Every structure is written in C-alpha cells, then in structure tokens.
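Presented sequentially are two complexes of chain A, the first with chain B as partner and the second with chain C.
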Partner chain A sequence: MNIFLKEMKYHRKSLIFWSIGVFLMVISGMTKYEAYSSSGQSINDLIADIPKSLRAVLGFSDLDLTKASGYYGMLFLYLLLMATIHAVMLGATIIAKEERDKTSEFLFVKPVSRSKVITTKLLAAFTNIIIFNLATFLSSIILLGKYSDGEAVNSEIAILMAAMLFLQVLFMVIGSALAAVKKKPKSAASVAAGILLLTYMLSIVIDLNENIEGLRYFTPFKYFEAKNVMYGGGLDVLFVVISLILILTLLVVTYVFYKKRDLNV
Partner chain B sequence: MNIFMHELKAYRKSTIIWSLSLIAIIVIFMSMYSSFAEDAEDFKRILENYPEALRNALGFNQENFFTILGFYSFPLSFITLCAAIQAMNLGTSIVSKEVLAKTADFLLTKPFTRNKILTAKLLAAFVSIVMTNVVYFAAASFVALQVKTDDFSLKIFFLLSLTIFFIQLLFLAFGIIISVIVQRIKSVLTVSLATVFVFYFVGMFSDTTGDEVKRYISPFKYFDAAYIIKHSSYEATFLIVGAVIILLAIAASYVVYNKKDIHAV
Partner chain C sequence: MNVIEIKNLTKTYGKSRGISDISFNVEQGEIFGFIGPNGAGKSTTIRTLLSLIYPTSGSATIFGKDCIRFAPEIKKEIGYLPSEVFYYDNMKVKELLKYSASFYKKDCSKRIKDLAEIMDLDLNKKIDDLSLGNKKKVGIVQGLLHEPKLIILDEPTSGLDPLMQQKFFELLEEENKKGATILFSSHILSEVQRLCNRVAIIKEGKIITVEKISTLQENNYKKFKIETKYALDKDYFQIGGVNKLEVNNNVISFLFRGNINTVMKKIAEIDIANLWIEEPDLEEIFMHYYEKEA
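So, the complex of A and B:
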C-alpha cells in the first residue's frame, strides 16, 4: 500500500499536467469545428468524392464533419495519440526508474516480494491511466455539449473512451514489458516511444494504400477506429480479443523477466 | 576538442538510428506515391465539376497539389515531427545528462570554462543534426527520383527538406534553454516528447482559421509547404522570427548556465 501511495504521489504532478493538456486539446480542437460546421453541406459532398488516399493526405476522414460527433471522431485520433504516449511512458518509467534513480537497492531490500512490487506499481500506473481517461471523458462531454446542438453525443463519447482505455492499457504493458526485459533500463522509454511512433506511422500508411489493409493487425491505432466504433458500431470483438491476449502476454513477460532480472545497482 | 569528440561519439549511435528511421519513413511513404498519383488523376476530373470558390476554400486549387512535391509535403509533416523530437532530445540532454549521470562535477572540474564546455556540446549536437539532414536528404531525393511520374524541381524539394533542419534548430534551442533552467530533469524523453507534441497539436489546430498571428505560436507552422512550392522561397518574417528565437534562446542559455548552481553528487 505504501508503494502504491508513493507512486501515486510521484506521478501526481505529471498527471495533472497531462489532464490539463488533454482538456486544452479538446478545446482547441472544438473551436476549429466551428469553422467546419459553418462551411455547410457542400464540403461534405465534396469530401465523399475524394479518393481514400487523397483523403488521408488532406486529413479528412469518413466521418460527417459537419456534425459535432463526427468532428469529435476525427479529433479522437489525436486524443488517442496523447493518451498512448502518456501510457507508454508511464509503463516504462514506473518500472525502470528505480534503477535509473539508483533506488532499486533501497526498494528491494524491503520485505516485499518483487512480484508484489510490480503489482503495486502496475496498479498505480493503471489508476493514473483511469484518471487520465476520466479527465478526457469529462472534458469531452462538457465541451462537446456546448457544440452539439442537442445531438446526443454522450454515449458515443463513452464508447470511444472504452476503446481508448484498451489502447492505454496495451501501451502501458508494452512499456513495462520493455523495461523488464531490456538490459539498460534507461533506454526502455525511448524504445517504447519508438514503437508507438512506428505503429502510428503504420496506421497512416495503411490509410494511404488499401492493398495493405492486412497490416492493420500490427498497429493498435487501427484496432478501434472512431468511424467503426461510433454510431452503433461498437468495439470489434476480434480486436478486443487480440488486445486482451497482447495485454496478458506482455503482463506475463513483465513479471517473469523482472523476477529474474539482474538489477543494476 | 576532447569534449566535442567525446560528445560526438556519445551521439553516434542515436544519430545513426534516427537517420535510418527517418529514411525508413520517407521510403515507405514515397512508395505509396504511384497509387496516389492514379487516384489524383481521377480526382482532378471530379474536381472540375465543383465551383471555383469551393476549390479555393479547400486549398487545393493549385496545380502543384497533385504533383510529387505536393505529396511530399504530407510525409514531411511527420518527418519534421520525428526530427523535432530528435533535436529536442539532443538539446535537453546537453546539460541535464551530466546531472543525471552524476558526471557534472567530473566535467566541470576540468580546466575549461563553462562557456567552452557549452560551446563544444552545442557544436556536437549541431553536427549530429547536420549529419542526419545530409543523410536524409540524399536518401529522400534518391527515392523521389525513383518514384516520380513527372519531372519536378529539385530546388523546391531541397527547400522543403531544409525546413526539417530549421525546425530542428529551433527545437534544439528550446531543449537547451529548458535544460539549463530546470534544476533537475528526471526524464529527458518525457520533457521533449511533451513539448514537441504540444507545439505539433497547437500548430495543427491553428491553421484553418487563417489567422496569421496564431502561426507564430508553433514552429511547425513557420514553413508552409504550399507557399514554398508556389514561390520556391520561404516567408521572410517567419525566418527572421525563427532566427531571433534561436539566438535569444542560445544566448540566454549561456548566461544562465554560467551562473547556474550545479549540485555535486
């Protein structure tokens, strides 16, 4: 319990900054929506004619951008990017920082098993992620309510946030597994961030070319896309299963490797 | 000179990795060009049915949009994003890595002034960035020449690629100023990722309003690809603003670093 509280306190400040950041992000995104919605239906017709690869280059999506919820669906990709950066860094540093700060000796001579330390640390990281998710959820509901003109958007936001949570947890365990496996714990965060950017790039490239749709299993950013999830689409069961399997595997990897780890002191 | 060589050696591996990743990104994106060019042909015909005003509003009235240069400006925005992270990492780690690795007192007791140390470190970071850009440009122009469907101006291609270098310099300067001001940076990557993405998102959401003033906030908006393609030159005001920011930040870093209280271990 002490470890948990210590971790929560350690990450409190950064969590506050991230939450403010996501709030500002939704604000700045939605103010841009005003410009879109005033341009009216003609843009929608035109967008529908644009071939898929061009649409990706231009930054349009398949969503109806004249509706507040459709616009939010486009914004969601960037919220997702932000949330996953937070999660992947958190997962990597929460494990690696003991060795980085040379406090691992201090921590692991305490009468607590390594598994227990990992469990508490991951729980603390998970709590942080939930708080971040809720902060995004609340900012979205409050701000979208102002722009939606009575359109019922809350349930759409809720399902998008559920999708976001899956990816957050997935990237968190990617980070923690890397920190547990890598010899030099310092580089875990860099590699984790690299993987994140790589998968993000992959998702953009897939948008550009329909022939490589098959690669979408390799990038979590394609698992739950706003256009599929919203308007009654729900979360694709196949991808939920894939995410869960990945999360479990990486969790096991974290525990197994960290237990046997030769700590650098 | 020793410090310079030592720093350069320390950056060697990361410079190679970054250069290779940037090249990989550009190769993947440019390999999609042929399918884009086909789609673009179809779309040009569709576009002709739309009124002039609407085409202008969407911003792709210019002939150049569908050329390889227009397409290149799309991956360029991701490349600058990654390159900015590299530069910011370099800048932020210049001073703070000595504190983190507890080598600051070792270095500062050597018979060199702080000015000299900072200059050597800055030069090493600068060389690392120049190397990345040279290698990147060689690879990018080679790929572009391979996939082109029509002839294009290599000069404009060079100007577009050079924006990466300018943005890197800006973020290098940001990084240095942050690393001398903040007493102890626990994780360089977190700081640089957060800063770069904040500017990236701010830039993304400020462009449609057509507000010139807002463009000054985000370095990512200092170089408008459409403008460069059209005029084959940069916008002078933004170049000046960028140069002033870099000079001020670096000058301020020298002043602060000279007076900084650096804790010994």
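So, the complex of A and C:
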C-alpha cells in the first residue's frame, strides 16, 4: 500500500496535465467541427477532394463527418494516440525509474519481494490509466453533448472508451515488459515510444495499401478502429482475444524477467 | 552462531571482474570488517547478499536462511547503508524516513527522532538540497531506524566529517552492545582497526585472508621516510626489523616492524631535516600478505 500511494503521488502532477491535455484536445477538435458544420459546405465533399494517401495520414476514414459523432470518431484516433503514449511511457518508467534514479538500493533491500513491487506498481499505473480514460470519457460526453444536436452519442463514446482501455493496458504492459527485460532499463521508455510510433505508422501504411491488410494483426491501432466500433459495430471478439493474450503474455514476461535479472545498482 | 555464511560465492559479469569463490562467516554479535581497495568486489559481495544481484555460483545464508529464497523475510532484520546514497529527490527527509519505516511493521517515529538528533540531521529539508555528508546521515538513520539485527555498511564514512564519524562509530558500538551484528565494508584500514573484531581482506575479487584485528596489528609495520642534512652511510639503518631500505641521496625510506624505540634512538643520533612516519596503506598490507604467502 505504501508503494502504491507513493507512486500515485509521484504521477499525480503528470496525470493532471495529461487530463487537461485530453480535455483541450476534445475542445479544439469539436470547435473545428462547429466551424465546419456552420460554414454550410459539407465537409464530406471537402474531404473527398483530398488525395487518398493524405486522407489516410490525417486519419480521415469512412466516417460521416457531417455528424458530430462521425467527426468525433476521427478525433478519437488522436485521443487514442495520446492515451497510448501516456500508457506506454507510464508502464516503462514506473518499473525503470528505481534503477534510473538509483533508488533500487533503497527499495529492494526492504522486506518486499520483487513480485510484490511490480504488482503494486502496475496497479498504480493501471489506476492512472483508468483515471485518464475517465477524464477522456467525461470530456467527450460533456463537449460532444454540446454539439451533437440531440444525436445519441453517449453509448458510442462509451464503446470507444472501452476500446481505448484495451489499448492503454496493452501498451502499458509493452512498456513494463521492456523495462523488465532490458539490461539498461533507462532506455526502456524511449524504445517503448519507438514501438508505439512504429505500430502507428504501420496502421497508416495499411490504410494506404489494402494489399497488406493481413499485417493488421501486428498493430494494435488496427484492432478497434472507430469506423468499425461505432454505430453498433462493437468490439471485434477476435481482437479482444488477441489483446488479452498479448496482455497476459507481456505480464508474465514482466514478472519473470524482472524477478531473475540483476538490478542495475 | 553465524549470522552470515558465504560459501564459494562467485559472480562474474561481462568483462568486469566481479568476485570469485568467496567464503567467510560473520558470527553473531561481532563487528566484522570487510576491507579491500576500490573495485575489489566488496559492493558486489554485499549486493549479492542482499539479492540485488544474483550469484553465478555458490550461495549465502543470512540468519541460517538462503539469502535469495527468503530475501523478503530476512530483510526485515537487515539495515543497509549503500556506499552511494540516492533517494527520491522530491521528498523531504521526514517523508523519506517515514516511507522507509512503513515497510517494517513497527512504530519507528521515536527512533527516527532520536537518531536524527544524534546525527544532527534536519528532518524538514528536501533531500535535493542536502550535501553529500547530510545525505549520508539520512542513509544512516534510514538503515538503523528499525533496529535491525544485522547492519550492513558499505563504505559508510565517506562524506562524513570527523566529528560525525566519531558519533556514528559510537552509535554503531551501542547497537553492537545491544546485540546487533555488523558487517562493515571499507577501504580505510584505521576505521576498521578502530571498530572491528575480525576482518576479511579482499583483493581482485578474492579473499586473501580472514584474520582477527589483533593478529593483524601484531604483524603491522610502519613506514619511515627520513631526510637528513648530510649524506649518511647507507647501512646506517640496516638493523633488525627494517625492510626495503632505500637510500636516495639524503632521503632514506624503509619499513619497520618491531620495537619502535630502537629506530627512534637511531634517528635521535643523527641530524635530520625532516621525518615522516606513516601507517602502511592497504596496498602495502596486501603486499605484506603476498610476501608472507610466497
């Protein structure tokens, strides 16, 4: 419990900043929507004129952007990116920072096992992630409600948040597994961020080139896309299962490697 | 009864030396010195005992229990002061000590206050703002606040001023009287001599000898360097107990073991310009041990 509280306190400030960031992201996105929709010209036509490759890079998909929910679906990609960056950095640093700050000679001579330290730290990270998710959820409900013109959007937002939570946890354990496996855990956060960017790029490349659709299993950003999840699509069971298997595997990797490796002291 | 038993402990990593085939025991209630030059493997041995790193081969027990398998359990009764103290920078001293105490299921608040008073430590400062010596004091309080039965100290005096060292040694002697066993690692012979009952000497990852301090002192010798005003007969100091006599113009140096008066009398008879008498440094003690074995 003491480690948990300490971690919560340590990450409190950054969590507040991230939450404000995500709120501002939703605001700025939805204000743009307001500008588009009030200009009278359909954004769908506007976007149809953009070359397909650029559309893929910008994250415009087949969503109906004249509707507030459709516009939000596009915005969701950026929220997802923020959430996963937060999660992957958190997962990596929460494990690696004891060695980075050379405090492992303090913590690991206390009467606690390494497993217990990891469990507590991951629980703290998970709590942070839940709070991030809720902050996004609340910001979205409040702001989208303002622009939705009576369109029922709350359930759409809820299912998108569920999708986001899967990816958050997945990236958190990618980060923690890296910090556990790497002999120099200092660099775990940067490698984790690198993996995140690579998988994100892969998801864009897949959008550009339909021939490599098969690669979508390798990038979590393709698991739960807004256009598939919204309007009754729900979460694809196959990808839910894949996510869960990945999460469990990476959890086991985190524990096994961290328990048997020498700490950097 | 042995509090620490180390059996053939070996740790090799990559290119750096590590330790090889280390064995020694620390008995209940003694202050055991662990001495050797920097990089000899003192910290490696200690970190293996604390299961921060794992041995390549061999094993160690603390309180009769395997130091890896029962690590969380035995650490309840261990207080550790690392050679370099690093703590969570954004915490106050008080917060850090409370956090440290929260791992042990007892109330340590009075003890923290007492120790801080003895060590003259301001509890309300931020760790960030502390000098090296003051951080070391935090480390000392942190290592002793739960009244551990085994205290492991890795070069504890670096950064402490002589007055604090004195207080710290008194504190350790008091803990020892109350029953604590102490493993004291250092590269400074004099502090080990002052405090310890027995000592293990480590060099290049190997234990050279485990000896009582009293035995070590009997074998001890002094280093003389004398500058004379006039050139002397180079055999002037060729007397019993003198070793490695070197005469370089007016500067004479040698090692001496035996009755110090005989040398002093010889020195009194000549006209000297300057005189240095030193305790041999560690490296020379090691040489001495190598010579004895050869």
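Heads up, the rule we're going with is that the second predicted complex is superposed on the first by the 245 of 265 C-alpha atoms of A that agree within 3 Å, B and C clash if a C-alpha of one lies under 4 Å from a C-alpha of the other, contacts with A are read in each partner's own complex, and residues count from 1 in each chain.
Everything that follows uses one rule, which is that a contact is a pair of C-beta atoms (placed from the backbone, for glycine too) under 8 Å apart; a residue touches a chain by one contact, two chains touch by 3 or more.
Remember, it's a predicted structure, so these values are computed and weren't measured experimentally.
Undergrad: Applying the document's definition of touch, where does A:260 land relative to chain B and chain C: first, second, both, or neither?
TA: It touches chain C, and chain B stays clear.
Undergrad: Looking at the overlay, does A:193 come into contact with chain B only (first), chain C only (second), both, or neither?
TA: First partner only, chain B.
Undergrad: Under the stated touch criterion, which partner chain does A:149 make contact with: chain B (first), chain C (second), both, or neither?
TA: Once the two structures are laid over each other on A, A:149 reaches no partner at all.
Undergrad: For A:213, decide between first (touching chain B), second (touching chain C), both and neither.
TA: neither
Undergrad: Counting residues of chain A touched by each partner, does chain B or chain C come out ahead?
TA: B
Undergrad: Could you look at A:82 and tell me whether it touches chain B, chain C, both or neither (first, second, both, neither)?
TA: In the superposed model, A:82 contacts chain B only, not chain C.
Undergrad: By the touch definition at the top of the document, which applies to A:204: first (chain B), second (chain C), both, or neither?
TA: The answer is first: A:204 touches chain B but not chain C.
Undergrad: Quick one: classify A:111 as touching chain B (first), chain C (second), both or neither.
TA: second
Undergrad: Both chain B and chain C touch chain A; at which residues?
TA: Correct list for chain A: 101.
Undergrad: Could you pull out which chain B residues touch chain A in their complex?
TA: 21, 25, 28-29, 32, 35-36, 39-40, 42-43, 46, 50, 54, 57-58, 60, 71, 74, 78, 82, 186-187, 189-190, 193-194, 197-198, 201-202, 204-206, 208-209
Undergrad: Quick one: in the complex, what on chain C touches chain A?
TA: Of all residues in chain C, those touching chain A are 13, 47, 50-54, 71-73, 75-76, 78, 80, 82, 84, 86-90, 99-100, 102-104, 142.
Undergrad: Which stretch or stretches of chain A touch chain B in the complex?
TA: Residues 14, 17, 21, 25, 28-29, 31-32, 35-36, 39, 42-43, 46, 49-54, 57-58, 78, 81-82, 85, 89, 93, 97, 101, 189-190, 193-194, 197, 201, 204-205, 208-209, 211.
Undergrad: Inside the complex, what are the residues of chain A that reach chain C?
TA: Going by the criterion above, the answer is residues 2, 6, 10, 101-106, 108-113, 116, 260, 262-263, 265.
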